[in-house]
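Here come two complexes built around chain A, the first alongside chain B, the second alongside chain C.
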Partner chain A sequence: MGLRVENLRVYYRTLRGYVRALEGATFSVADGEIMGLAGESGCGKTTLGHSLIYLKPPMTYIEGRVFLDGREVPIWDMKRMNEFRFRRISIIPQYAMNALNPTRKIGRMIAELLAAHNVDFNEILPELKRRLDLVQLSHDVLNMYPIELSGGMRQRVVMVISTLLNPSLLIADEITSALDVSTQKAVCEMIVEFRNRGFVRSTIFITHDISILYQIADTIAVMYAGQMAEKAPTEVILRSPRHPYTRMLIASLPRVGARYRQERLHGIPGAPPRLLDPPPGCRFRDRCPVAFERCQETPPFVEVEPGHFIACWREI
Partner chain B sequence: MRAGIRHEFLYFALRNAKLRVGLSILLLFIVAALIGPLFARYDPNAYVGPPAHPPSPEYWFGTTTFGQDVYSQFAHGLRSTFVVGLIGGGIGTLLGILIGLVAGYRGGLLDEILNMFTNIVLILPTLAVLIIIAAYLTVRGILVESIFIGCTAWPWAARAIRAQTFSLRAREFVDLARMSGRSSLKIMLTEIAPNMMSYLFMTFILQFGGAILNAATLDFIGLGPTQGMSLGLMMNNAVLWAALQLGMWWWLIPPGAAITAIVGALYVMNVGLDEVFNPKLREL
Partner chain C sequence: MGRYLGRKLLIYLLTFFFAVTIDWLIPRLMPGNPVDTMIARMALRADVAEVLRSYYIRAFQLDLPLWQQYLNFWIALFRGDLGVSTWLFPQPVIAVIYRAVPYDLLLLLPAILLSWIAGNQVGAMAARVRWLDNTILPLGYILTATPYMWLALLLAWALGHVAGLFPIAGAYSFNIRPHLSWLFIQDLLWHWFLPFTSLFLVMFGGWAIGMRNMIIYELEADYSRYLEALGAPQRLIRKYAFRNAMLPQITGLALQLGAIVAGALATEIVFAYPGTGYLILQAVQNQDYFLLQGCFLFIITGVLLANFIIDIIYALVDPRTRLGMTGE
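Now for the complex of A and B:
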């Protein structure tokens, strides 16, 4: 069944009006799918990820519906969301290394968290230990304070905790950003392993590093200025992207073996629009080399081939 | 699990020199307050002996200008000092924690209302209110005095705890707890409060000491207990009847030294406890 998001609109409330950070996102993530969510800073990746679990003020729900395993998720209702949080929708935050209470031993912290969800700690302890083995942590960490662990160990602990109750949806929010390359690899392999073993069903992997997504994601969704630009299987996005933004984004990646002494690395000219009062229509219009009159209207996010969605008037 | 935590806490607590020293002094005075009055042979306010008699086997701490037994006054005064500190400081701390935590964690309109209430109590002219209350209560005991002290002393604690809560609630682990569906009450009690435990304890110590000093002030302006005895009352009587000028050190020094030692021991203990509570400050 997986996750289905329909026309989700989440704004930030400010004194000068709404910042339109997420504008009509429609997509689905199948069971067992790892969807990479890519895009530059401020494009709404994290807003999308967080809105599915906790609408932290000033985030404001405007419209849209979210279904998980065929059941509607009341993301606008802080109280009712509590039964989904952790148990069915879980997050590994960007700051996973600092996400443990410094005054609690890890085992006690887990026990308290489980108690809040009416799960018996001792019942789940054998499984917890198996999972600690899986991420190569000693069982002793349960009896330690977070400061006794290294940053990487703490992140692994958080990953184990977040997936402990086998959530249907796991949101991994830029978890590799602060890591060195070898740790990045280990973390990515862990995410795949969690999926393969059925600890989590669907995963949304938020990152701005497309080369990581190539290693682990089944599909990639590219966002631009709060809108979904393109979603397709990983191979398709990387080999034959069709949205002009995706094409320029992929083209700007450094290539292995290329020499940039003669030829400079290309970026995308211009900057994303301000989301406080964005121009109507396609938000990539001003930077797009192939824009035409029709781009004054907002393009729909349509399926041009099975599993390949594009929001661009040129391509539909 | 539980036993392990207690064991570890004790391990670090017993190894901490500051805590040991502070706690020993405090325990000494607590024991003195508990069993001291049992050895007092006279009523603290009765005129039992020769006036202005220096310490002797008969009158251990000497007598006052009026022939009251200083040791009896001291033993009873110590007891009421602890009562005032515990009840007054306890009420002040509890109110401060409650209002500060809720205002800081909830924020928004509730915070505005609670903060306004805090500020009103903070600027309330305590002395004027006291005089009015004293005018209505002709018979005042230690208990009433402590309750009143507690009810007027909490605002600065509430403001400080509110500020601490503001900073802690933005921390990552609180954020994750919220995203894990924990209730507000649990987050306040298990995520936020333990992270400022040493601060809360310090608040209690300051409130404890503040209550003792406040009680002494009240005693001085004649609004203290009409029955019973307190260290503050002893000191003020001593000052009023010129004990210092007459060289009656035995009347003045015991209550003064006791107050100083108790409050000082609490401060030293606080530093020690900070090192025990906070794993980052622990010395192995």
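Now for the complex of A and C:
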């Protein structure tokens, strides 16, 4: 079953008009799939992640439908979404280290949050303790204030809290961005472990670091300027990408063993368009080496091979 | 916790020492001296006046060098002796202040506590109710910018003089003797209403604005967003925000105490309310060193004590202070 998103369009309302941050995203995430969502800053990946759980102004729902386990998710309705949040859809936010109330003991905060969802804290306590063990935290943290924990410990606490009710969908938003590499690895392993143990079914792992996705993601979706560019199994994206943006993105990754004193790192010339007033058609057109007239129209996101989706007129 | 309070206590003792020293010094820097004022009031023959003058100068030890007066002052202070009032000679200063203190407490404690509680509640409500925000915010800004004395004058004029609803002077009617009866308590409250209201309103504005801004800030904080994303009810999020927004308000209370007391003094003068403020005015006009000293000493002690209590409360409600992790 998993997650299915159809033609999701979410804009930001600003004084100067709508910022078209997410333009017609269509994709699905299967049960047990960890989908990496990659792209540069401002390409709409966080907008996509947040809109699935917490679509709050200035974010504005324009159109599109979301189905989770065959049930429609009313993402445009802040109130009705409460029944999905935490239980069915959960998030590990980008600011996980500051996500806990500084003046409440962690255990008490969890109890109060659970009570709001009609879950008895004492009933779930044994499971909570098992999960704290799993992320190598002492049970004492429940009796501590967030300030008594290090940033990494706080993030692990948040990871445990967010997945405590075994959500069908977990959104991990840039959770490795502020970490050193060894902690990054530990966090990534936890995400995989959570999936393997069935704590979460589908995961959307948002990051701009493709090398991390190579370690943990089953599939990778690449976004560019608010549009889905390509989605395929991780190996395919990395070995044989077909969208010109993905190809240039992968080509620009540093290779192990290469000496960049002799051979300079390559980037993609140009900059993404302004999303306040984006050009019609394919938004990568201006930077694309293979663009042609057809690119004036928006390319559809179509499946060219099983599980491999591309939005590019050259490839379909 | 112990170390935190120990350090605070040390700071307060130092503050007390310097404040009391300044308190002792200031009246002595005023031109003139209390004995001359006292003698002038008696309207005596010149030679008798001179004899009496030299007697009083010695009696009040004003002939000693300043440093010795200062030392004697501290010694007497530790014995609980604040000297004798020259204005109300020969009543001891302690007795004069002792009579005034109940009125200060009657006025200040309810005004400070009620305005703080009401301001916090209304401010928190204003943070989420649009129409309340549109009315309370401008009103609060006007109130908090109003000098205590000016609002007191305005109320005395409008409700006392023009409308004639409330008396504008004294703590009770002249024809009533203080005693425990409903009649007296009614009369007391009737006289108390205007000074209380003028203090309450000014402080209320400040607290309401502070709380509104803090709540809005807290509701935007990461922990609030996380709770919201996990579908926590608004009730829980607001509870957390309110609790955390209270902390700066408690600090604000400690910081504001001095200004509040000063405002209360002005208010007491406007309404001729027989508290310390009224005494200070009389002491200044009569060059009564000892009474002035005593009044300020009482205020210094009161403010420092209140600050210390607030510090303790703060440590109790904020784990960050209690755990000594903020470098406080």
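Here is the rule we go by: the second predicted complex is superposed on the first by the 316 of 316 C-alpha atoms of A that agree within 3 Å, B and C clash if a C-alpha of one lies under 4 Å from a C-alpha of the other, contacts with A are read in each partner's own complex, and residues count from 1 in each chain.
Just so we're on the same page, a residue touches a chain if its C-beta (ideal position, glycine included) is under 8 Å from a C-beta of that chain, and two chains touch if they have at least 3 such contacts.
Source: prediction; values computed, not measured.
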{"item": "Chain A as common anchor, with chain B and chain C clashing or fitting", "value": "clash"}
{"item": "Partner chain(s) touched by A:Q296 [first = chain B, second = chain C, both, neither]", "value": "neither"}
{"item": "Chain B versus chain C as contact partner of A:A99, first or second or both or neither", "value": "both"}
{"item": "Contacts of A:F84 with chain B and chain C, given as first, second, both or neither", "value": "both"}
{"item": "Chain B versus chain C as contact partner of A:R108, first or second or both or neither", "value": "first"}
{"item": "Touched partner set for A:Q136, first chain B, second chain C, both or neither", "value": "neither"}
{"item": "First (chain B), second (chain C), both or neither touched by A:S211", "value": "neither"}
{"item": "Touched partner set for A:N7, first chain B, second chain C, both or neither", "value": "neither"}
{"item": "Those residues of chain A which chain B touches in one complex and chain C touches in the other", "value": "53-54, 56, 81-87, 90-91, 93, 95, 98-104, 112-113, 116-117, 145, 147, 158"}
{"item": "Footprint of chain C on chain A - complex, ascending", "value": "53-54, 56, 81-87, 90-91, 93, 95, 98-104, 112-113, 116-117, 145, 147-148, 158, 161-162"}
{"item": "For the chain B and chain A complex, residues of the former touching the latter", "value": "1, 4-5, 171-173, 175-183, 186, 190-191, 194-195, 197, 277-280"}
{"item": "Chain A - residues contacting chain B, complex", "value": "50, 53-54, 56, 81-87, 90-91, 93, 95, 98-105, 107-108, 111-113, 116-117, 143, 145, 147, 158"}
{"item": "Contact footprint of chain A on chain C as seen in their complex", "value": "221-223, 225-233, 236, 240, 243-244, 247, 317-320, 323, 325"}
